[in-house]
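These notes open a run of structures that come right after.
Two complexes are shown next, each including chain A; its partner changes from chain B in the first to chain C in the second.
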Partner chain A sequence: MSDTALIPQPREISTEPRRSDKVFRGVVTSGGLSSLVVLGLIALFLAYRGFEVLREEGLGFITNADWSITLDESANVVESNFGLSAMLVGTILCSIVAVVIAVPISVFSALYLNFYAPAWLKRILVAVIDMMAAFPSILFGIWGFLVLMPSVEYWAKLINKYLGWIPLFEVEPYFFTRSPFVAGVVLAIMIIPIITSVSREIFAQAPLDRIQAAFALGATRWAMIKAVVIPHGRSGVVGGAMLGLGRAMGETVAVYTVLNIVFQINWHVLLGAGGNVASLIILKFGEASEYEIKALMAAGLVLFLLTLIVNAIANVIVKSTGKSGR
Partner chain B sequence: MSAVAVPTKPWAKRPQERAIGISFFLAAIAFSYFFVAVTEMKGKLAYAFVFFVAYGLFTSTFSFINRGPQAAKDSFVSTVVSLGAVVTVIPIASILFTVIQKGVPGLHFGILSNDMSMATSTDPIANGGVLHAITGTLTLVFLALIMSVPIGILTALYLTEIKGRFAGPIRFLVQAMSGVPSIVAGLFILSAVLYPITKSFSALMGALSLAILMIPTVARTSEEVLLLIPNDLREAGTALGGTQWRTVAMIVLPAARSGLMTAVILGVARIAGETAPILLLTGGGDKVNPNPFDGSVGSLPYYIWKAFNAGSPEAITRAWAGLLVLMILVLILFITARALSTRKISK
Partner chain C sequence: MIQTPESEKAMSSTQPSSLASVANARQERTHASTATGTGLEARGVHAWFGKNYVLKDINLEFAAGSVTALIGPSGCGKSTFIRTMNRMHEFIPGAAMAGQVLLDGKDVYAPGVDVTKIRLQIGMVFQKPNPFPSMTIGENVLSGLKLAQIKVENKDELLESCLVRAGLWNEVKDRLDAHGGSLSGGQQQRLCIARALAVSPQVLLMDEPCSALDPGSTLRIEETIRELSDSMTIIIVTHNMQQAARVSDYTAFFLSDGGPGEMIEVSRTSEIFSQPKDQRTENYVTGRFG
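Coming up: the complex of A and B.
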């Protein structure tokens, strides 16, 4: 036994991570990259499956309105026409109706929650609205079809009666059932919780010192909101509306149950003939032949890219307001 | 005797003001009643519309006389804003009410222990049940859970613990992924796995697409939770000689445990009622299918969908009962998530 045994060897100090840490960082990084991989694979596979149809139809896939396929006895394709334009117009129409209805209501209720509601009521309402965001879409679809639709048709007739001279609200022939307007109202109810919670969070970030300064100068509540909260939160609300738009565009089941799908471009909101890319996929999937499935994949790709772009713009807008507030 | 100072609340409403407020409210109700009775308008919509316009006009006229135009505008906006909140809540109330009202007649004693293999859509309600749907949904959710929770939490860890070069882009991509339409997730699994590899419907296929939808919810909620863990804890772990791996595994994750549970539950609530990909991928059988890797499997959304499309009165009642079961499931999940998270995330 010598003294040297009691003195530990000086440890080498380095910033080099241990092996366990290297493994850890590798695993976590690869997990983190999964979202990139999944999104990339989605685009890749849908494009790969839909490539044949996209090449066949070219730009007509976006601009034509026909969707028909004729097969002979041995299931060979005789003639096929695939065009998405009616569906795309319908998708945009429904989601714009939804956003136009949902945004004012959501902004008002976000303002109410932040600046008007007593604390106990605010707590309950926030929980209820968040819960509504978690409701499954099939619930909205069936409720919309069996409960909401009769009332909405009645509203549509009122709008047509008093505002029918505006081309958008024309109805010819006189048929209101399962119109894009009905689908838009159902979608609006689905996206109100989303836009409300985004707006609520943005409004809550409004600088407190400026709010108090406005009150100290004798502003009423509305004057304060107009001077401080709205300038601060404007672009955030736009971003929230875009998020809602993205959600509305991709919604499938709720729209399918309340919308009458017609392969014809229709800009008249109240007329019972609409289109929707996602619903088209559900509608045609059941009896689709192999070649038609490829066309549906291509339609899915178009929908994917559309929602991706809308969501990307929305997120950039929401994020940039979050920063400018501080 | 010393005087006890009683705190005054100059901002609180006096009884007199309160009485005026209530009388305006009642006056507006009475006015809307008479107005609708006198004019051609009819229906609930007319009552609500006239009531809010009348209430807004009454209060703002009162404020105008007492305190001038600014106050009048303020009270008018108060009415409009409260109207917004009321309109937001009405659909929720209506949905809850309808589902309970129409779903309860569809419930019976055997509903949780029978499946639909021996019942057709026009059979009396007492035949058949949702056993296959519940087991199917549980299988789907469980499989989706074990795939998406590790990936979601790893993504959150990358964003909060490693903060690497790609943190910005990945945060952006996770946001983008949460916007992927559910039908696209279904089509993707169809084109990438079902057609080229397995060639048959199964619970696994459905679970794969649900996992895609669940990952972003789990990742975003977990990230928020992990950001709330104070940095002191991480520094303490490192100061005690822990490597980053041990600090995260032994300190950060246990501290965030209940928050992470919340993230998982919210993810499950997101996918439990997801319908579109299920329609494409699982086949929707009417029997309990014990094998999750092969054969068509039923699930609650598919059950509701089938019953709703069958269209007979019994089937519609079954659909509502299914919706009631599904809604109770989502509510339980949601309430659990909130109960767990109130300590961590105060909103």
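Coming up: the complex of A and C.
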């Protein structure tokens, strides 16, 4: 109307929720925050308990590979050397082996379940795979030790024979039992369910009209999957793999059962000498002195931070690859 | 069955004037079609979804190089019918069909027929534009070749000719590397038409290709259809009767009275709109129901 009219300030818009809504909001908020609080308290506890050792060892706690403590008769610490490097290398090595083996199997089984399996078989397989996720890890460990190890050792020898020229697959001395590779295979079986179900969910969301478009252009099923389903699900698969990696790094009992823990950095995946932070804790915890327990708590804190970093990297990857396929 | 031109001439003298102007909107063909093959024929096609009987005994011929519009109210089985033509029907769980679909006289449902080859010969454009989001505009057009593993001598030439025929070339020629999602809805639909053309189908099925588009894009796509009809057989499902009148040579009217959909009448488009033989057709095309 008139050009002298003042442009008004935007209004404050507020709503007064009902009492029932307020109560519900409170319940849901406390539920949502509780996991954060618990996680924070655990981290705080580990930092508090491990602080003394971390101060004593400094950066050497991550870069050294010794783990020894000498006590006198009245249980005072005479000398101590704590370093996690061998365990950290072992943890990463086992987890990467696990993910490398588990991801292809999981992706193929997710594709089979979504696009090839008849409905009745799909129902059964989904139930079985979910059950696998709930299976006690000690049983995986024992099964891996008793049943899997002999055949995995055979594969390991084959890999060493034909690919031994690659430094990663060197075995010197010639000793294959209880290697990071064996532990990785056991871990792979344990993380297949989670990667499969994440992949299956994301593949099932592939847009139906694009799938039909591909078929209408004369695509075979596999060509359709390559053109539509995989580009759509790529970031989800990466996310699933990272979840699996996190699970593999934190897994304790199964690895402890099959892995030969040696305090020496070993990058040779087939050699029967490995390390694992979580397994170290379970190995030493029972007979540890008060001061060594503090060291173990510090080790726990390092593992916690490592998992956190992996998850953060996973988030970045998922976000950066997420856009393209959608 | 399709009427012969003779019978049309005999009837044209008695056209009521009210609908004649719409019916005559499509220009008569002035030159011979270059479409190959002897066309497509549905013989006694029935269809089911589970126990739901949706399509009853459809007999229709589509001459090579003709444009046929399928009209009728929602739920009368038009889309189901065209999806039986290129065997997209069978993707829906529980879907079944009976009868024959003959492409150049050969049954596309015969045992041992490679279904992917059928879909190459009978292309399809869907109701909602569905370019592949992970591919660029150029890749989208040529995606059919990749999907069906067809080798082509000169890809750039094919890319250009498909986009030209789909009426999109001028709008996208400077940004073939942009993603398909950056186009407007109407452009995306023409991209999908170009994509369907790249594998050189004999027949193009169009399932309400303009129902999600604005009038300008609709007009553009209708022009495209008219140009394409020189070289291929087109079957178009539409709810827009003006569109059927504008683009098609023949029109078939489908109807379901609560049971399975049936084809009530087929004839030259001008006849369907001016002198429908069936009372139900007349009610529909004059807007008394549906």
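The rule we apply is simple: the second predicted complex is superposed on the first by the 278 of 326 C-alpha atoms of A that agree within 3 Å, B and C clash if a C-alpha of one lies under 4 Å from a C-alpha of the other, contacts with A are read in each partner's own complex, and residues count from 1 in each chain.
FYI, a contact is a pair of C-beta atoms (placed from the backbone, for glycine too) under 8 Å apart; a residue touches a chain by one contact, two chains touch by 3 or more.
Note that the structure is a prediction, hence the values are computed from the model and not measured.
In the superposed model, A:Leu303 makes contact with chain B only, not with chain C. Touch criterion not met for A:Asn81: it reaches neither chain B nor chain C.
Look at A:Asn260: by the touch rule set out above, it reaches neither chain B nor chain C.
When the two structures are aligned on the shared chain, A:Ser137 is found in touch with chain B, with no touch to chain C.
A count of residues in chain A touched by chain B and by chain C gives the higher number to B. Residue contacts after overlaying the shared chain place A:Val228 against chain C, while chain B stays out of touching range.
When the two complexes are overlaid on their common chain A, residue A:Thr220 makes contact with chain B and with chain C alike. In the superposition on chain A, contact of A:Leu125 is made with chain B only, not with chain C. Overlap of the chain B and chain C contact sets on chain A: residues 220, 223.
Residues 17-18, 20-21, 23-25, 27-36, 38-39, 41-42, 45-46, 48-49, 104-109, 111-113, 116-117, 125-132, 134-140, 142-143, 146-148, 151, 154-155, 189, 192-193, 196, 220-223, 225, 243, 246-247, 249-253, 257, 278, 281-282, 285, 296-297, 300, 303-304, 307-308, 310-312, 315 of chain A are the ones that touch chain B when the two sit in their complex. The part of chain A that touches chain C in the complex is made up of residues 119, 207, 209-210, 212-220, 223-224, 227-228, 231-232, 324-326. On the side of chain C, the complex with chain A involves touching residues 86, 88, 91, 93, 116-117, 119-120, 123-124, 126, 128, 130-135, 143-144, 146-149, 192, 195-196, 199.
Residue ranges on chain B touching chain A, taken from their complex, read 43, 45, 70-71, 73-74, 77-78, 80-85, 87-89, 91-92, 94-95, 98-99, 150-151, 153-155, 157-159, 161-162, 164, 166, 169-170, 172-185, 187-188, 191-192, 195, 212, 215-216, 219, 243-246, 248, 266, 269-270, 272-276, 279-280, 301, 304-305, 308, 316, 319-320, 323, 326-327, 330-331, 333-334, 338, 347.
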